[in-house]
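Each of the next two complexes has subunit A plus one more chain, namely subunit B in the first and subunit C in the second.
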Partner chain A sequence: MKPKVAFFDFAGCEGDQLQIANLEEEILDLLGQVEVVSFREVMKEHSDDYDIAFIEGSCTRLQDEERLKEIRKNASLVVAIGSCATIGGINSLKNYQNMDDVKKTVYGEKASLFDTYPARPIDAVIPVDAYVHGCPMTKDEFLHVVKSLLLGKKPEIPNYPVCVECKKNENVCAFERGEFCVGPITRAGCNSCCVNEGTKCWGCRGMVDNPNENSQKEVLVKYGLSVDDAIGKFKLYFGWQGKKK
Partner chain B sequence: MNADKNLEVNVHHVTRVEGHGNIYVNVKNGIIEKCEWAIPEAPRFFEAMVVGRDWTELQHITSRICGICSIGHTLASLKATEAAMGIAISNQDLKLRKLALHAENLQSHILHVGFLILPDLMGVGSVIPLASSNPAEVKTVLGLHRMANEMSNLICGRTTHPQRLIPGGFSKIPSIKDLLSLRDKLQSSIPALEVVANLVKSLAPNIPNFVRETEFIALSNPDEYALYDGKIASTDTDSAPASEYLSYTNEYIVPQSTAKWAKHVRESYMVGALARLNINYDKLSPLAKKISEMFDLKPICYNPFMNSIAQLVEIVDSVADSIKLINELETTGLESQSEYNLPKVAIKAGQGVGAVEVPRGILFHDYTYNEKGVCTKANCIIPTNQNHGNIELDMKALLPQILDKTEKEIELNLEMLVRAYDPCISCSTHAVKVHFV
Partner chain C sequence: MHVLSKEDFSEFINSLIAETSLNVVGVKSKGEKFAFGPLESANQLRLDYDVTILPPKKYFFPQRETLVTYDVSSGYQSKSLADVKPTIIVGAHPYDIMAMLHMDEIFRETKSDPNYLTRRNSSVIIGVNIQNMSESCFASSMGCATIDYGYDLMLTDLGDKYAIDVGSHKGADLLNKYSKNVKKALARDIQSVGKKKQKIMNKTQQEFGFSSELIPEMLGKFYEKTSFWEDHSEECLSCGSCVLVCPTCYCFDVMDNPDLSLKTGERGRTWDGCLLEDFAKISSGENFRNTKSARYRHRYFKKGKYLFDRFGFVSCVGCGRCSSNCLPDIANPVNLFNDMYDESLKIGIQIDPATIPDIKIKTGDTIDYAPKIATIVKKVPMTANETMFELKLDDGSELGHQPGQFVQVSVFGVGEAPFGVSSSPTKKDTFELCIRKLGNVTSKIHTLNEEDKVGIRGPFGNGFNAELLKGKDLLFVAGGLGIVPLRSLFNYVLDNRNDYGRVILLYGCKEPRELLFGDEILSLADRDDVEFKSTVDRCPENEVWNSNVGVITTLIPQVDFDPQKTYAIVCGPPIMYKFVIRDLKSHNVPDDHIIVSLERRMKCGVGKCGHCQINQLYVCKDGPVFNYSKIKGIPEAL
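And now, the complex of A and B:
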């Protein structure tokens, strides 16, 4: 029997689920291996009987925690897909501000009608079994994670910085070009896609497990940058540093 | 005949739309007591998130408002920043940006018409069963979708959350060789598009025949079918520059929705492909007009279900206009730029508005920067939010006309209405589920 899979989304842009549509013809191969029982974005049917749950988006409201716990109860494997789900992502930019001010900025006098709390990744609320990082998630990594889980293996996710891939791609270092780059502490696996396209690493895949702070500091000193510059840039994706469930 | 009809519909989280929306209907003894469109999506507070951030990051952050229209958000963001600081872009970059927008329009419309609307017209719950029942058609749609994504990749560096689009221009541009090979693909996609148009045409009798007069708003431009730039135009009033957007959008807050709603001179208005077609029909390419004529779609069409057909027309128009843009770039030749290009910008304080037509309608970004180029205030008005009021009024007008149908049919019709708008609720925040209360 094919394993049953379900897709869920919380606060996010649905760009990760879109990457599944972007598999194009490969979707047909995937559908040969699994049975999709719930995927609100593309199908009307829904079932709570599933083996693997893929979750996109951050948890940004207390009321959403119940839904996450329900999914955890139903699924034998929970996979977080995309930065918002794996690390809190862009949503956690608001965590640096007072939540009442955040609500007032957007909703003015009607702010009290809306709930919100600091944005957090899925594993801040429920245990997560596997991660597909990136903003949006990397399609190839998604396929690798799915294949590994179907074979009962642990997916292999890089635990070295983006710089490793970037050097291999022979990019000119962003620091050399006078830009600030978060690549030295960000988890690789994206093939340094943003630097390849002429920009820099923004940190969407989150930090490696044991970031080499000294090395990042050396880079800062070498290029005459301050720790304040660095902290400002790190805030973009790293706004949640809480504990995992 | 409906005098004793009692009905309770609760669609929680309407499916095959981007984001979460609910439909609540309550009918007692044939009288409609409640007919409501609600948006429970978790709000994300982008306008607060960008405050304090550097001008070079704004397009990166606001792109994340929506995965499907991330190119459109990036472009509206760049235009706002460029307006605020008086940054000009070259004619070549303008053409490349237009190609980027066409790529997104193609990707999004093909996804909507091919994967989300066709199942309704063919009476199934999703595209998945169609993969085995109609493999040739599904493969055609997949092929077109892939071409659109390859085009995004080529122009923007990525399909979702583009990288190359930066204030003042591009960090990297495609080669003329790549553009010419893209032109070949676009050219050879036309027969496939005709296959899809004929398939939809054969199912057209299943499109509900429903009309309700309303106002349509879209960008309009004397030189072209407006997507990247133009004045704000309405079927009810005179046009105005984008900087005057607030006098059109008039946002307000309703308790059942985390998304803001909008109205202009009537109780509601509609934006999107149908609004654009209604306002700019005469600017469509001959090929696109041919598709429009196939469906007898001409301005002003007041049937919101025809929005999906207007998208089909726009798919063809985007292909035709992209070919034209590449022809122009071929004639002028492509001026090369340095690697890791970073346009020089004189940072200054100011406020600016960027308006762009994205797949679901007119989009506004409005930023204020201080003299260091730090954002102090932002306002983003998303197409789907502008449509919420119109969706609810359409539901209220449609419901009495379909009350004699079964509960299941009523639910399906209301959901189809919502889907026709191609709502992108994660933008607005999220939408759809019918609750018959």
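And now, the complex of A and C:
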């Protein structure tokens, strides 16, 4: 019997689910292996009978925790997809601000009607079995993780930085092009896609397990970034990881 | 020496490009930098480059490549190399040519790597003498700024023409077939080439304040200087850039990539680096090089000492790529070795030029990365996490192992992992593996059943020398899973019992329920030709244990043995060795009477990928069984 899969979204842009909807020819091969029972972005039907839950978005309200716990109860495997779900993502930028100000900025006069709390990744609320990092995640890595899970294998996600892939791809180092890059401490697995396209790494996959953050900051400053801006570089995607430490 | 006008040289290159049977690559600009890439026209060539981002080794040892394909119904198949086109590499600098010669030795030693050597042997190297030197280049210090061999053709820019030195028949044939108007060089051309080479040799951007011949000896004196290594590696990002751009680095990782059908797929290899945090980490979580300073030091030792001891060369050619690619600027060998030299003057260390070690490079068969298929004929659960699998090779052949050797076991789409064979070679038709559920491969194997198929490569490595032990008293000391490889020798000895003296087995595990081969082992108590003692670290209240409680070393004083006649054979978790060896020595067991079997992260199994390296030794090739006297001076071993 094919495993049943369901997709869920929390605070996020749904860009990761869009990557799945955009799988094109591979989507048929994928549907040969799994049965999709819930996927709001592409279908109307919904069922709570599923084996694998893919969760996009970060948890930003207390009441989201209940829904997450419910999903965890139903699923035998929970997979976080995309930066918001895996590392808190850019939603965690608000964690550096006053929550009331945040609400006022977003909801204006109606701010009091809405709840919010510091954004966090899914595994801050429930145990997560596998991660598909990235903002958005890449189709290739999504398929890699799905195939691993279907084979009963823990997906192998690199614990080395983006520099490794950048070097293999023979990119001119972003620093040598005058860019400020956080690839040296960001978890690889994206095939250094942003640098391949001529920009820099923003850190959307989060930091490696044991980053040398001080050295990364010193490098940014050495290449001409102000100390404040160097610290700012860490807030964009490393907000939750950084605060947790 | 010959000369060719620049116009005719372009014609030469263009006619090579026009030949569809050839893959013509050369140095082109890439942004502000340079890189080797496919040539569409000779106009793209930038032979005035300083250094390319990656060295040309990528044409023989690509960043990623398929080693083996598989189909669950038919097994594993080596990737065919029949379609490898001859690659003409235009514009290799002398240091990169020297690096290729180093790589050739490495990929040829003991067992030859077919993927590397097929590509390498069909290639043609058109070198060029350096015209512009990169800021970080120290090739002169390494004697690699110019080279007189190793190329098929070597170019020197003489303004309106190139001087061409023919270095091989292959080069001569290429020139004859594809170029026009090649002229004999005049005396003054030969002189200008000589002068240019002289100038390059003397011109150096960075240099050592001492002779590079001192490097191996000097390193040997600095291994233990922990603070020296810590200070130099403090800012290391563990990003691996220094090793990934290195023209002589050859470590790789191996992984399976299943197709979406999950029935077919490939096993590939990709560049890896010893500077990366998890490089020497095994499934149990143990990381044998877990600090950045240990990894940083390993890089220098590998290049400057271990490869020197194995091949007679310091495996650095001075290209300077490591230093120009290191963002915190700590990877420059010139700075490090100059600091080391200064320090040794300060503290008065005497360094003699390293003598070239006595080297016998062995070459052997070609590696077959494709596993054979074996069927699980019996599956016997032993404990909650360990299961014994009895396997039979489908082609009907015997495994043919020595006690103590290991095999690489593959599970389709999941990967490959090493296991010591636990049955004696006297058991011929089948062999046994006792596997603990720990990582991906081992967990998946536990879901397989009788009749299911796995892949097998091997047997690999150095086993126990059962001949040498004949007539001796044997003291087996096994901790936990360490009983598994020891059992292959132990059972062999029991099957040839008259050839050996006393046989003593000391076996310990954490708790009674973790005891392996329970019935088999406990029944030893009934034999009068085997002395057997067992222990557990602790016995929980709900379990029964009637024997010793305490760590394995508590058993040693309980047996009386003659240290001169006894050989101790030791295997267990990494932490165990130190203590057992200490106690054996205190019982006057000579060092060369202690034999150990070690565990490391073995990927290729044949001494290439670098993961299982302990200082200069490869556990997969030189071990896993070692005589303690041979490894006691090796800091990473125990």
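Keep this in mind: the second predicted complex is superposed on the first by the 229 of 245 C-alpha atoms of A that agree within 3 Å, B and C clash if a C-alpha of one lies under 4 Å from a C-alpha of the other, contacts with A are read in each partner's own complex, and residues count from 1 in each chain.
The rule is short, and it goes like this: a residue touches a chain if its C-beta (ideal position, glycine included) is under 8 Å from a C-beta of that chain, and two chains touch if they have at least 3 such contacts.
The model shown is predicted, which means the values in this text are computed figures rather than measured ones.
Shared-chain residue A:33: touches subunit C; no touch with subunit B. In the superposition on chain A, A:14 contacts subunit B only, with no contact to subunit C.
Which of subunit B and subunit C touches more residues of subunit A is settled by the count: it is B.
With both structures placed on the common chain, the touch criterion links A:1 to neither subunit B nor subunit C. Look at A:172: by the touch rule set out above, it reaches both subunit B and subunit C.
By the touch criterion stated above, A:216 is placed in contact with subunit C alone, subunit B being left untouched.
In the superposition on chain A, the residues of subunit A touched by subunit B in one structure and by subunit C in the other are 172, 177. Within the complex formed with subunit C, the residues of subunit A that make contact are 26, 29-30, 32-33, 143-144, 147, 150-154, 156, 159-161, 163-164, 167-173, 175-177, 183-185, 208-212, 214-216, 218-219. Chain contact summary for the complex, subunit B toward subunit A: residues 13, 15-20, 41-45, 47-54, 57, 60-61, 64-68, 70, 111, 115-116, 119, 125-128, 131, 139, 142-143, 145-146, 149, 157-161, 163-164, 166, 170-172, 253, 255, 258, 339-342, 415, 426-427, 430. Listing the residues of subunit C that touch subunit A in their complex gives 30-33, 35, 53-54, 58, 63-64, 234-241, 244-245, 255, 257-258, 260-262, 270-271, 273, 276-278, 292, 325, 327-328, 413-415, 439-440, 443-444, 447. Against subunit B, the residues of subunit A that register as touching in their complex are 9-19, 21-22, 24-25, 27-28, 31, 36, 39-46, 57, 60-61, 64, 89-91, 93-94, 96-97, 101-103, 105-107, 110, 113-114, 116, 119, 135-136, 172, 174, 177, 179, 193-194, 196-199, 202, 232, 236.
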